[in-house]
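Given below, in the form of structure tokens, are the structures.
In what follows, chain A forms one complex with chain B and a second complex with chain C.
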Partner chain A sequence: MLNTLRRSFVPAAWLGWQIESNWTDPFLFLVFSVVKPVASVLILVFMYQAVSRAGADAPIYAYIYLGNAFYIYVGAVMAGASYSILDDRERYRSLKYIYIAPVSIPIYLFGRAVARFITGTIAVVITLGAGALFFRVPFNPLTVDWPLFLGALALGIVCLTFMGVLIGTWTMTLRTEPWFVGDAVAAALYLFSGAIFPLTVLPSFLQPIGFALPLTYWLELLRRAVLGPGAAAFPTLAAFSNGQLFGILGGITVVFGLVAFLGYRYFDQVARDNGMIDAQSNF
Partner chain B sequence: MSDPQAIRVENLGRVYKIRAVKKGEARERVALTDVNLDVPRGELFGLLGPNGAGKTTLIKILTTLLAPTTGRALVAGYDVARQAPEVRPRINMVSGGESSGYGLLTVRENLWMFGQFYGLDTQTTHARIDALLEIVGLADRAHTKTSDLSTGLRQKMNIVRGFLTDPEVVFLDEPTLGLDVGASRDIRRFVRQWMAERAGRTVLLTTHYMAEADELCDRVAIINAGRVLACDTPANLKRRLQREALFKLETSPLVNGALTTFQTLPGVRKVLHAPHDGFSALDLSLEADSALSGVIGALTAHNASIISLQKREPTLEDVFVDVVGMSMTEAEKHGD
Partner chain C sequence: MTTLVNTRPPDRGWRLFLRTIVARAYPRVVGQQREKAWIFFETFLPFLATVGYIYVYRAMQAPEDYIGFVVMGGAMTAFWLNVMWSMASQLYWEKESGNLALYVMAPNSLMAILLGMALGGMFATTLRAVIITVLGSLLFGIQFQVSSYLQLLVVFVLTMTALYGLGMLLASLFLLWGREAWQISVALQEPIYFLSGFYFPIRSFGFAIAMSASIVPLTLGMDAMRQLVFATGPALGFLPVQVEVAVLLVLAVGFVAAARFWLSYMERRAIEEGTLTDRRR
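Right after this comes the complex of A and B.
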């Protein structure tokens, strides 16, 4: 058991880092891992300034900026799992050799996520730094509630990885348009996770989706850790204490862990039934 | 747990569902039908068959990559469908004709990583990598990026990956496909040497090269269109044809009409005709030497002159024609 854990996780993390850091050209590395996510946040900043007359002092500004900065992790860690599977299957043609080795695919995906988390963190740090220095985002490292921040970040990343395992093993069963899956899910959840507007903005019949998503509570906790009481400007989750939000996030994470495990068992069987482990998609 | 059989295959079948081009029209393709095989430990077993025969499908089932539709298969004593976690640490696989592996890693890094997946400690891994790279002649390339290797060298690295974990059963799917003569010979020699040094280790190899199966394998199963049609040692398979007399005959160019008359001559089993520039090559399978006189008589009647005539020993190619009813090349055209 412990052996399976070790031999699935350690080489996967090593491999992930080799791939993520294999930018013979550091300029390309910057463009792909940093400039792209940072730019997408900046586009929002400029759109906000063009559309809203409220300015950078309105609470919604920090809300949007931080929500989008941390959402970078969703693309990196959750959607990344799907790319790991496809890279192995179609680009390196190695998935079948990893699959027939005595490793656990979900734990392998956890290992691969480590490097994505690291490059994601670089992008998040740069986005936050740029926000504080140039765009009047009230982010001050000295006033951040670090224990809350790190605790929430860790729990959220674990949950994102569970979601990644689910999407990654689902990707394994797909032959048509699989490259699209990870980003599509990340984009779909974006609307419902309170990244860009509070859930109360959504029509009431759509709000339950947001309340079922771990991302909602995760982003709220991260904002509170960064902004302190200033984060309480929106009523959606104001009634909950930090401890309660943590409890909810933890509970949903456990549920997603279970769903990821059952999903993996199911998708694994489907992939084996249909001979998809070494398939090539028709893209 | 030590099943004396490394591989047991019982009434195995596999059907692929094919997504229809037109809506609602689900189609199926039968890849394997009622396959039965036993491979004892220590054997180098060959599966010989044309394109589309079902070789890869069988290997995928035995290596836990693909679920069987019917029947069952045991590898190292464990059911591949229901006990995959028991099967996996005991096996490994290498497929030919594709370039797999992480191009950005060096040969040694690639191999080390796969050793890690099997829980090998780093010291053992490096010792084995050194020994195996030496045997396949890749020792000086250990620090080369995989993407910089030629097809042949990359396949040699892949072979090393397959044997690195010292598996009980190794599956080689057309390991020399697309390689030049030299690299193919190196790989065959490596497999033979590895088998010789490790009693009780088993290799199942697929190929559509007759000579490879003949030269390498202890026993060979001939597979066509998803069915195993014969299974024995190459010598025994050929011995079954010893009752026939086989001749190679080159004549002045023949029209195809002449052939039909040959086929009806008494004592003539089969005539294969290959027209060449300026002459015709005939491959004759006769019940006995005496039937040759009839053929020569018929040639004279067609005003054809004999350029050369040679009696030959049966090969696996003949065995294939005998059990399948057509040559490997014809079978491949027949497939799809």
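Right after this comes the complex of A and C.
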């Protein structure tokens, strides 16, 4: 176990960090890490300001802002883990060497996700800080339920990494347009997980998709941890206690872990059989 | 034994320029139609994001015209993505795959190659933008009230000329920047969506910021199109349409001229130094 960590996880995390950060100086790296997520949240802030007369006190404002802020982790960790396998295969052409090295590929992907998690965390912290300081988002670090927040965050990140490993190994078997898959899944989850609007706004026939997704419960837990009773303004998941939400999220995470494990074994075999480990999709 | 001898003199000047455009546009037009997955993802992804923003406005109980603004913004994202990924980053990709040295060695102009890419890419992207607009309009019942089709056409053509001129300029700059180009393309996406007001009227920024954001042609292009297409558009517009048309004209000329200068500079450097086209650098 320790050997696997030493050989696969730690070097992958370090490599991921280097790939993410060493293309420029630290200041510019910080700016680039922050500008994208902050801009995406600003789009929503200005959309809100353009049409709403209720101001920042309306519960929907905090709902949208926080949902979008925490959704940064989805793009960073889930889509990031799937991109890293394509980066290695297509851009750096190093996946074939990693495959013949004595490393565990799923653990390696977990390691690569760590770097994205760190850059994502920087962006989330700055987005939340900017929200509290400049955009009147009711975020106060002193009133946050930290045990609930950290527990939900950790469980959600593990679940996202499982999803990333699954998508990453699936994309490895695709000959055409593998780059779009991570983005497509992240975009679909953005729409159906209630990240930026309550699920009840969706047509009723689409709402069950949202209830089947772990992110729906993860984002609700994070909002409750940050906003406290204010998070209950939307009835979508109001009937569930925090414990029940944790239970559902934990159950779905276990299912995704199992699916990721089986999916990895299957897609890995397909990729080997079809000679996809060193394939080039001619991007 | 017969030998085939090509007696036709090689094309030069504008003939070569035009043939290069057609030759480079062809694979874009034909190739993209053959790649069904590409069409699906390039339409599907902007549309999903667009639908997300539509539901945000629905949750805020916004006036219906704002839903139309979002659909138009969603359609225009296809052009921005095409410019950034299939044009600005293109020379960098070509360098990575080893084709750039061949482009520079060939007797045709890089400007013609990029123009061919632009026209080929624009054809497919326009189709996608139309699909997003039609789907969005049908699914969400958007009401259009076009005040002048001629002005709308002029605004669209000027916006596209300026936008693809900017793409050509970025193509040469991204090549000089190397690995940073990838990061810049990724990092610029949301800031441009924000600053260009893809999903809300840019007058929300106030004059100074809206004017600064107008350096990106889509900012004024979309603002003018919204004014011409929606009933409440003129009331929410940033500048009068005629002024926006004049600024777009300046941007179009400026970006195309700047792109021509930078491409020539980059081509000269590639020939003199022999390192710019090397994928290991």
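The rule is short, and it goes like this: the second predicted complex is superposed on the first by the 270 of 283 C-alpha atoms of A that agree within 3 Å, B and C clash if a C-alpha of one lies under 4 Å from a C-alpha of the other, contacts with A are read in each partner's own complex, and residues count from 1 in each chain.
Basically, a contact is a pair of C-beta atoms (placed from the backbone, for glycine too) under 8 Å apart; a residue touches a chain by one contact, two chains touch by 3 or more.
What you are looking at is a predicted structure, and each value in this text was computed from that prediction instead of being measured.
Superposition of the two structures on chain A shows chain C fitting alongside chain B with no clash.
Within the superposed three-chain model, A:Tyr97 lies in touch with chain B and out of touch with chain C [touch as defined at top].
Shared-chain residue A:Phe180: touches chain C; no touch with chain B.
Contacts of A:Gly275 after superposition on the shared chain: chain B is touched, whereas chain C is not. In the superposition on chain A, A:Leu15 makes contact with chain B only, while chain C stays out of contact range. In the superposition on chain A, A:Arg7 contacts chain B only, with no contact to chain C.
Using the contact criterion defined above for the overlaid structures, shared-chain residue A:Ser204 touches neither chain B nor chain C, since it reaches no partner. In the superposed model, A:Leu42 makes contact with chain C only, not with chain B. Comparing chain B with chain C, more residues of chain A are touched by C.
Here chain B and chain C sit at a least CA-CA distance of 6 Å once the structures share a frame through chain A. No residue of chain A contacts both chain B in one complex and chain C in the other. Within the complex, the chain C residues that touch chain A are 35, 37-38, 41-42, 44-45, 48-49, 51-53, 55-63, 66, 93, 96-97, 179-180, 183-184, 186-187, 189-191, 193-195, 197-201, 204-205. Note for the complex: chain A touches chain B at residues 3, 6-8, 10-11, 14-15, 18-19, 22, 92-94, 96-103, 269, 272-275, 277-278. Listing the residues of chain B that touch chain A in their complex gives 16-17, 57, 60, 63-67, 85, 88-89, 91-93, 95, 98-105, 109, 113-114, 116-119, 161. Those residues of chain A that touch chain C in the shared complex are 23-24, 32, 35-37, 39-40, 42-44, 46-52, 60, 64, 91, 176-177, 180, 183-184, 187-188, 190-191, 196-198, 201-202, 282-283.
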